[in-house]
Amino acid sequence: MTSTSVIDELKKFQILELLEQGKRVDGRALDEPRKLIIEINAIPKANGSARVRLGDSEVVCGVKIQPDRPFPDMGEKGIFICTAELLPLSHPSVETGPPGPDVIELARVVDRGIRESHMIDLSQLVIEKNKSVVGVFADNVVVDYDGNLFDACAYAATAAILSSKTPKWEMKNDVPTLVEGGESSVPVTTIPVSVTMGKIGNYIIVDPNGDEWNSMDARITITTDSNGNICALQKGGNGGFSFDEVIKCGEISVKVGSKIREKLKQAKEGGQ
Amino acid sequence: MTSTSVIDELKKFQILELLEQGKRVDGRALDEPRKLIIEINAIPKANGSARVRLGDSEVVCGVKIQPDRPFPDMGEKGIFICTAELLPLSHPSVETGPPGPDVIELARVVDRGIRESHMIDLSQLVIEKNKSVVGVFADNVVVDYDGNLFDACAYAATAAILSSKTPKWEMKNDVPTLVEGGESSVPVTTIPVSVTMGKIGNYIIVDPNGDEWNSMDARITITTDSNGNICALQKGGNGGFSFDEVIKCGEISVKVGSKIREKLKQAKEGGQ
Amino acid sequence: MTSTSVIDELKKFQILELLEQGKRVDGRALDEPRKLIIEINAIPKANGSARVRLGDSEVVCGVKIQPDRPFPDMGEKGIFICTAELLPLSHPSVETGPPGPDVIELARVVDRGIRESHMIDLSQLVIEKNKSVVGVFADNVVVDYDGNLFDACAYAATAAILSSKTPKWEMKNDVPTLVEGGESSVPVTTIPVSVTMGKIGNYIIVDPNGDEWNSMDARITITTDSNGNICALQKGGNGGFSFDEVIKCGEISVKVGSKIREKLKQAKEGGQ
Amino acid sequence: MGGRDTALVLLDENGIRCDGRKVDEPRRIMIKAGGLKNADGSAYIEFGDNKILVGVFGPRDVHPKHMSNTDTGILRVRYHMEPFSVTERKNPAPSRREIEISKVIKEALEPAVMLDKFPRTAVDVFIEVLQADGGTRCAALSAASVALADAGIPMRDMVAACAAGKAADTIILDVNNEEDQAGQADMPIGYMPSLEKITLLQLDGVLTPAEYKKCVETGIHGCKIVYELQKKALTEKYFGNGEK
Amino acid sequence: MGGRDTALVLLDENGIRCDGRKVDEPRRIMIKAGGLKNADGSAYIEFGDNKILVGVFGPRDVHPKHMSNTDTGILRVRYHMEPFSVTERKNPAPSRREIEISKVIKEALEPAVMLDKFPRTAVDVFIEVLQADGGTRCAALSAASVALADAGIPMRDMVAACAAGKAADTIILDVNNEEDQAGQADMPIGYMPSLEKITLLQLDGVLTPAEYKKCVETGIHGCKIVYELQKKALTEKYFGNGEK
Amino acid sequence: MGGRDTALVLLDENGIRCDGRKVDEPRRIMIKAGGLKNADGSAYIEFGDNKILVGVFGPRDVHPKHMSNTDTGILRVRYHMEPFSVTERKNPAPSRREIEISKVIKEALEPAVMLDKFPRTAVDVFIEVLQADGGTRCAALSAASVALADAGIPMRDMVAACAAGKAADTIILDVNNEEDQAGQADMPIGYMPSLEKITLLQLDGVLTPAEYKKCVETGIHGCKIVYELQKKALTEKYFGNGEK
């Protein structure tokens, strides 16, 4: 039978005690994310890729772009799918096998943040209406874990998409056929940035690390777009937020998000 | 390790003792089914539906009708598939996950009872020969369990099919396309009725409730059609029947079946 | 917790002691395979079949030949797939359920031995280029186990393919259609023979039986073709081979293989 | 948000929505406590055209044992859609969407349930969507709270849930299926009115910071309407003319 | 029943069936007891073109232990078709049909096996259909009885099995594949001749009550023919010229 | 071997291969020991265009317990390809090919690892192919040896791996993707250079007995080159300027 370990309890106590003095275990301000390192084109044979470290959490995202059938009733739009997987080498507690609810939620939240921002202009990814469209698959794999994978995966996927080149296909004899030299950037309309905040006691902290993640009462992930609008949100954890906290988290996500967005732009420029 | 519980043993003893006096635990005659309540159109957005209570067993059946590819070598017939699922809220012992042999047998017996009676005239459900046909899917979900799901599901599926309206499709550009206003009843040729009997000691009882179900030595489910013919049968349980018992069960199924058939007809009329 | 049983240890000790005197537990020479009995056409309704006993290991292989879609980029070649399954009646330790790594390796090694020899001329199995090809499926089922299934399955599959007749199909209205009376042998270019050797201590033994299989440090399976060339190889087991041993095993596989090849040819002749 | 083009008028010149509602008006809601024989507690909700049944079992033993917790009870939630509940017949295998919603509803209920009162045991909440119409997770969460109360599970408060959203550039209450497909944003909210805590919050679709605030306020307003109906359902069962 | 239209004459003017048999005549049946080295008991049957192998293990320990029963032994049956046993190559994953037939055969054997003689243990019956030709479940059940006897499992009686059915408006014994596809009814029966108990009974297809009675009688007649061949197979192995 | 027809010149008149290498020259190889924070040991290899990450955990407890062995530790290996590692996006479910390669690599490592030093426990080797280019199993095995050493697992020797093969009727070292697709034979070899033992050996494609011998010799030559780079990687981490 499981039981909250004494060490976990002590860590939470220490984290809370520091927060009451306005401090965090790793010295950050409450609204300060960890150091973000973005390496694009880490997987050169993919159509786009990025390797991202957020503190000691590390994610590799590869983008594959290939022709696909459109979804029913969506014949005038390309396909975008974003996944996330925790590799067993990322942490001793990760098990192989089909993903559990935590990983499924992670993948779906990262996917929705990008999807709802309309980052990729899917209407430009049609080969032949109702018959063949371009599919953009952004697969995240977590190689090292230290909390807050929501943001680490979102940044990896966004950076990988920004770095992606899509081949060009035309229909020949009803089959999508590659057009040599037709490569272009993926059509991007905005840069979504997810900011995840944890609630410990009555404190809201940005980008919780692994120890903070284990001590949180609740969390909220808010994605904002280049216009500073909010385009996706997910509350998690077995605690609740007050109305004021929810509004405050919205404000933090806009402010922190705009700084991260600059880093993503720089990474793209640097990689070109 | 499992072991037949003492309470189960005592219940079986009590049931047998009463049967020796010609009585059942709930006061019914040996060949008397429980009270049957049929509510049709319980799921208005489905193409047909019914909510059925047989004693304290309760089943909801929804029918979905949609174009499908014909089975190989069956290009001149529509498709009929009937399923059954025990929802975990129907009884504390039900587990989530893939269905076990009991539930698979339940679904297949209910499906065959309807299929072998030729209730639905599948030859009328062809959109274009060999290319596209109409599929009728009758999905039963059990929401409360008190024995004899074979009959509860069969009645729910039959009532739901009787209440169903099928849209009309025509092939346009090789795609089945909805014809507005083309709705009609599903073509029905007969009304199959399943009657399940349990054998306890040397007694044959109709429609065993939950306690009787746990005490049975063997069971038999016989489906009859509107002509009073027998069109499907399934013996179950780890006991056997004599030749005379099998013939007697056939007679009971015809007699009891005709009464249930009237209730199914009334429910259809009432619902229109 | 598992632990090597004392009986297994004693058996291994006995096997080694005999090997030091140049003997095997069943009296065979070190490079002598067990008695091989091949019955072809054991499953007359299949397109080809064989029942093979290698000592007390017994395998039934049935070949089904049917039209299929070609693999992408392989539109000018038919399909060949060989599988292997351990039936639970073959040994008390076999469990039902999806195959484990051992059985997956077995199936893939048997498949590759035949595939890499180019035994079947797949270029002759095309119905219409890029659209429809002939698929040859050779499914092995193990019905009795006494070691060395690699060779028993390979011989069963090879004998079954040699005995196979393929129907003829032509495209009519874009559908592969059977041509009556068009039956012919499967086009065969060579007869691959797999020879499996075990290493116990410093001894190399051919065709290990069940007890020898449990005592092996490592094994090697080498397939040779009718020209005496080596066309597939798989090392297994948690020990290693020296360079000299690997070369010696190659020589044994050519020598033993040519004898087995004669038996396979005879079985085919005998069956016709 | 789908954001599909459509000829549908989501909001007319008089501020009336496509289904005749005002901007801050929820759909028809009917909640019934109890109803199932075998479940320890149950509830049935009709929320617009949603029809959802919830059954609760527990506190009961946990199998396998190592899944239990010596310090607290655990809550397990399964959100499940029937094959016939949606327009295209649904594959019976649990979808990733169903798994995520199960988790989100579980985490929305946990702050309300006094799990520490029954360590080593589990409370199981089984949600069955018989007919779906947009906003199933809010309807399901509202019914689940009633079913937990009906099962006698000690609770700090009930969680009431309702979505707010944006359509035709206006913040609206209780987004229906058409508004969800053609609209601009959907924000499901779960709220404990007595404790003033938001326990479920999601958003799909684009909102300015000001709209975001308005949307949360509107959703909480809807939750309070639902809360009254939840209490009424329990009152009817336990103090009314008995179960119908 | 498929009830497909076909030019096939199922019964000619002389009462002879499409494969040359009379109405009450079974197909060629060959049963062999034993044959497998590793199984505790085994049998092989050819029943028309059916070729079926059965292996039995047990009584043996049950894993995991909580599946065992302190009061009685348990019987486990797996009916399985090889990929090459049917016209279209079969997918190796167990089909719902195979799972149902496994259960039906298990329940047909249970009245015959004295399971109470070996509590806490299991007897496993593995049925492998090498070639299928209509009536596999009856052939499988008949062979399984012989394999259980060959394994020395104490039994009250053997279960013999044969189907009856209806084709060309006539009740016939031992429906073959063509008759099953084009015919009107198929009724597999499992029967313990000494104890006069029907332990397997299924029906697909339409019968009047009178035909129903005739059909059961005809099937039992077939079971008695099979029963003699089962006994002969065991006699040959244990008292004959030894195993061939 | 695919043996596809292709216009590609695999070997020109000067004995230079399609990627500019000589017949006995391996591709560019870069090995780094360490790198992951949470793993007990790790390594990263670039071998041609292969990019592979390996993490090792253990010795650690085995769950479930009955999988452990009282006499020895056990080694568990998972070889896994990322969806984006190959030309066509790979389905995330483990393929039969991945399961076989996991087993082959496990059996290639076992002779090197002193498993008897830590009975009842397990060492887990997780291999992640980030980018694949032909010869992944050799690159993976070479990196796994370094990761095991980095984790401090006691070893008899390291296993170095490299493939040899045949293309344009010539025995060549370290077959690349084009040579594998269009070539005549591919023989991956895993070798412990100090103990002179071959622990991985496979062959696809046709070789005469003489070519077979040459191919094994060539492969072992390649393994020795890899071995030096493995030792260099460990030296750099433990005795160099520290981890970069």
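Order of writing sets the labels: A, B, C, D, E and F. Residues in every chain begin at 1.
Just so it is clear, a contact is a pair of C-beta atoms (placed from the backbone, for glycine too) under 8 Å apart; a residue touches a chain by one contact, two chains touch by 3 or more.
Predicted model, so just to flag it, every value in this text is computed and none were measured.
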Chains touching both chain A and chain F, listed by label: none
Separation of chain B from chain E, taking each centre as the mean of its C-alpha atoms, in whole Å: 27
Cα-centroid distance, chain A relative to chain E, in whole angstrom: 58
Between chain C and chain A, distance of the C-alpha-averaged centres to the nearest whole Å: 48
Multi-chain contact residues (two or more partners), chain B: none
Touching two or more other chains - residue numbers and ranges from chain E: none
Cyclic ordering of chains (reference chain B, direction chain E): B, E, C, F, A, D
Chain E-touching residues of chain C, taken from the complex the two chains share: 42-46, 49, 56, 60, 62-64, 66, 83, 85, 87-92, 96, 137, 139, 141, 143-146
List of chain F residues in touch with chain C within their complex: 1, 3, 65-71, 96-97, 99-100, 102-104, 107, 110-111, 120, 187, 192, 195-209, 212-213, 216-217, 220
Residues of chain D that touch chain B when the two form their complex: 36-39, 42, 49, 51, 53-55, 57, 60, 78, 80, 82-85, 87-89, 92, 124, 126, 128, 130-131, 133
Touch list for chain C against partner chain F, complex: 1-4, 101-102, 104-105, 107-108, 112, 116-118, 220, 225, 228-243, 246-247, 250-251, 254
